[in-house]
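Chain nomenclature is as follows: A, B and C, assigned in order of appearance, with residue numbering initiated at 1 for each chain independently.
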Amino acid sequence: MLLGKLAQSIGAAVEGDDSIEITGIAPLATANKTQIAFIARKAFIDQLSTTSAAAVILTREVADSSQYVGNKLISDNPYLAYAKATRFFDPFPSKTEAFIHPSATVAPNATIGERVYIGANTVIEDHVVVGDETQIGSGCFIGQGTTLGKNCLLHSNVSVYHDVDIGDRVILHSFAVIGADGFGFAPSSEGWVKIHQLGGVSIGDDVEIGSATAVDRGALGDTVLEDGVKLDNHVHIAHNVSIGKNTAFAAMSGVAGSTKIGANCTVAGMVGFAGHLTIVDNVHFTGKTMVSSDVLEPGVYSSGVPLQPANVWRKNAIRLGKLDEYVRVLNRLAKKLND
Amino acid sequence: MLLGKLAQSIGAAVEGDDSIEITGIAPLATANKTQIAFIARKAFIDQLSTTSAAAVILTREVADSSQYVGNKLISDNPYLAYAKATRFFDPFPSKTEAFIHPSATVAPNATIGERVYIGANTVIEDHVVVGDETQIGSGCFIGQGTTLGKNCLLHSNVSVYHDVDIGDRVILHSFAVIGADGFGFAPSSEGWVKIHQLGGVSIGDDVEIGSATAVDRGALGDTVLEDGVKLDNHVHIAHNVSIGKNTAFAAMSGVAGSTKIGANCTVAGMVGFAGHLTIVDNVHFTGKTMVSSDVLEPGVYSSGVPLQPANVWRKNAIRLGKLDEYVRVLNRLAKKLND
Amino acid sequence: MLLGKLAQSIGAAVEGDDSIEITGIAPLATANKTQIAFIARKAFIDQLSTTSAAAVILTREVADSSQYVGNKLISDNPYLAYAKATRFFDPFPSKTEAFIHPSATVAPNATIGERVYIGANTVIEDHVVVGDETQIGSGCFIGQGTTLGKNCLLHSNVSVYHDVDIGDRVILHSFAVIGADGFGFAPSSEGWVKIHQLGGVSIGDDVEIGSATAVDRGALGDTVLEDGVKLDNHVHIAHNVSIGKNTAFAAMSGVAGSTKIGANCTVAGMVGFAGHLTIVDNVHFTGKTMVSSDVLEPGVYSSGVPLQPANVWRKNAIRLGKLDEYVRVLNRLAKKLND
């Protein structure tokens, strides 16, 4: 791809030779003569003097404050420009022509759009709808009555249960599972009685769901992921949860049933949400936070405990187990001294 | 389904027209004229005045204390009655006739019961036994010598390794894996030496196992889940763990090797158990608890840290890292004041 | 297998009848007349007097300090000797002859080594290389351009994306996924823009990866697991992480992007690492630790909070939320008293 064309595609202005051929993207320190690089933070400005990159995406300000004489891709937001450039060099083998592998099992009454790719051994059940230019890898299962939008990408070995509704440009990674039963049982004298999960899952456009992430179907009514939601690997979304537009979850976080999370939130890794909570828009949770109550004010919230050497921590942890007692002693002392 | 017949099936008494046709279940607020609803808590009693539901499951007491004049399904335990009703409206396509998909690979010496359904691409290895009326979805793997009981439901893409013993009416969700190797290695001067896992897994009746949940085989002897155990998604059960009757685990909890957990326990999400512990019956753990010692008294246990605004929490967390020091100061002050 | 031959294979010396036939391994308490047992800790020495085992692996010292008169397998390291013995009794059906199941889809330009086994419905894409004596179970997916070394074992239903490089004697369990996209998005005014993940994954020799564990591909450059790394179930390794030789992770631990972990570390369950950290060699983390900063000294580190009865813990947790305030009071009191 020529540098000039790439620049145009990512909204950057070339300063230098726009006719050179670009073959990839690499970090400043290791980029070779046909790869571009980017500089997102001034901290890396020194690496400009030694990079071999074909061109560097950088801001006007960084360009002017460095001695860098190589080809420049001037951008107000180099990180975003880099993100936009990556799609031209993705080694993933996209399929753009209509193809159904002979070993796939596609129900005759399924509706398959144009230029759809269906890989080996994939099973498409009755009344499924697959939108145009959607690519489904091998070994996937799409349950009865489910709808997939246009331009989706399901990697190999994805399971989507019955009656799930998925929008356009959704990406599902291997071992993602959408629409399995929510965890519902009523206690009885004979043990747990299963509450069959009668709802579905509704997933908007531009959602990406990581490997081994599970989004359960609703008990009554749907579990909902709005447009632009991004879930990393090993995320658990319980029944009847709803997650607002563009909210992103890092790996290993989970949400218990019926909790509503707003738009534009970010959730770091291993965060756990109790059930039936309300979280407003623009809330951010740091790693390992336990969200056990509503969050009604935007902001950053935490509860993760930072590590210490085990012998130091052990003493602190023992004291923590008697903290209430110590505070009572403290209060008595304060009272005595103030008297 | 006629209301009268439904009432009988769920152990409720009809007050009103038992001849109306019921097509589903929905929340009080959204139920339409052919759906039933239920009221499990008095807090929702106001919704009775506006519901359009065909009938409502409720207690005698709630019925008498409301002005509700619609059809009633009187039950001592409306939540349990609702649970029992759900199975009549489950949209999941159950298969009730004998069928083996031509693309399935079934070992000639496997023993397949009556009215068994085996989906596309499923692999059944040598000497497997599948009980009557068990339904196995597509893309499953059942390893050599494994036994599945009667009336089990394996959703698509489940892996059960060799020599696993599974009871009746067990439900396994997509990407559940039973019988993978426990994590065992002996340190040596040349690195870790694998301890091959020679035991199996024994799973009782009426067990349900969620998506992406893993129950490892034993090192020597079996890992055991007793009757009625329920495991949500992303649960990890290590080798030689045993879990007592009707104990339920919410998502993302895990148990390290050889820990024994009693009956009728409940484990909330993200709870972690160390290895080689004993937990008695009727113990309950709240979310994110770290179980690092035996629990020999029934009751409720916790250690999860509730969230705060990050700037508040950061100060507390720093103090926590010196808690032992502060308590020593406190003790000195107390001594001085008491002297 | 004759006891004498077994002893030789595990580096132990027989005292007793080396011609007896051994059929398995079991705990001291339950071993029968054709099974061997081992005693790794002196605490179990009393069980020697009642065991029915065919022979017992034990140290010279334990042998001499007991009255045990049965067959002995004398070893300096009985636990290691036991580990070495397990491989002779593993019930897993290993395949040692060349075989490609007719339902497998193998690209004509893939390079398949000698005595490779490829199970039913497995998909091998273009330009894949599979080393000699590697066994691939059913329902696996091996993406374009990926290399698997010699003597690997992929259990059923494993996904390896494109352009992944895997060494020799690597074991991957069901639902392990190698090379899915790292979680990378650039914020923009139109929402998140996907950063296509252009790097790969490089996995050394003798690595074992558990069920439902995910190792993501790099954004630019590779994610790296060095030789002898062992990952339990449900582990998450983000893009561009590197993990040093022989480091072992217990279940449900995860590492955020670009963190570098040294060699010979051990990570207990549910440990979470923030991104962009450096952890040196020989560091050990106890369960549920939050690793939020570099660890530059070998040793043991912790931050998990031990459980308490819920009513006790609740009081302590409330106090913890005001810890900074209490310490300020404490400091004022101390100052007052010292004045």
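Here is the rule we use: a contact is a pair of C-beta atoms (placed from the backbone, for glycine too) under 8 Å apart; a residue touches a chain by one contact, two chains touch by 3 or more.
The chain lineup, named per UniProt: A, B, C = UDP-3-O-acylglucosamine N-acyltransferase.
Remember, it's a predicted structure, so these values are computed and weren't measured experimentally.
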Same or different for chain B and chain C, when you check if over half of the residue numbers at their contact belong to both copies? different
To bring the C-alpha trace of chain A onto its twin chain C, one rotates it, in degrees rounded to the nearest 5, by 120
Determine the centre-to-centre distance between chain B and chain C, using the mean Cα coordinates as centres, and give it in whole Å. 26
Where chain A touches two or more other chains at once, the residues are 103, 121, 139, 157, 175, 212, 234, 252, 270, 304-306, 308, 320, 323, 326, 330, 333, 337
Chain C residues within the chain A interface of the complex: 103, 105, 121, 123, 125-126, 139, 141, 143-145, 157, 159, 161-163, 175, 177, 180-181, 183-188, 191-198, 212, 214, 216, 220-221, 234, 236, 238, 252, 254, 256, 270, 272, 274, 285-286, 289-293, 295, 299-306, 308, 312, 315-316, 318-320, 323, 326, 329-330, 333, 336-337
Where on chain B does chain A make contact in their complex? 24-27, 30, 77, 79-80, 82-84, 86-87, 89-93, 101, 103, 119-121, 137-139, 155-157, 171, 173-175, 206, 208, 210-212, 227-228, 230, 232-234, 245-246, 248, 250-252, 269-270, 287-288, 304-311, 313-314, 317, 320-324, 326-327, 330, 333-334, 337
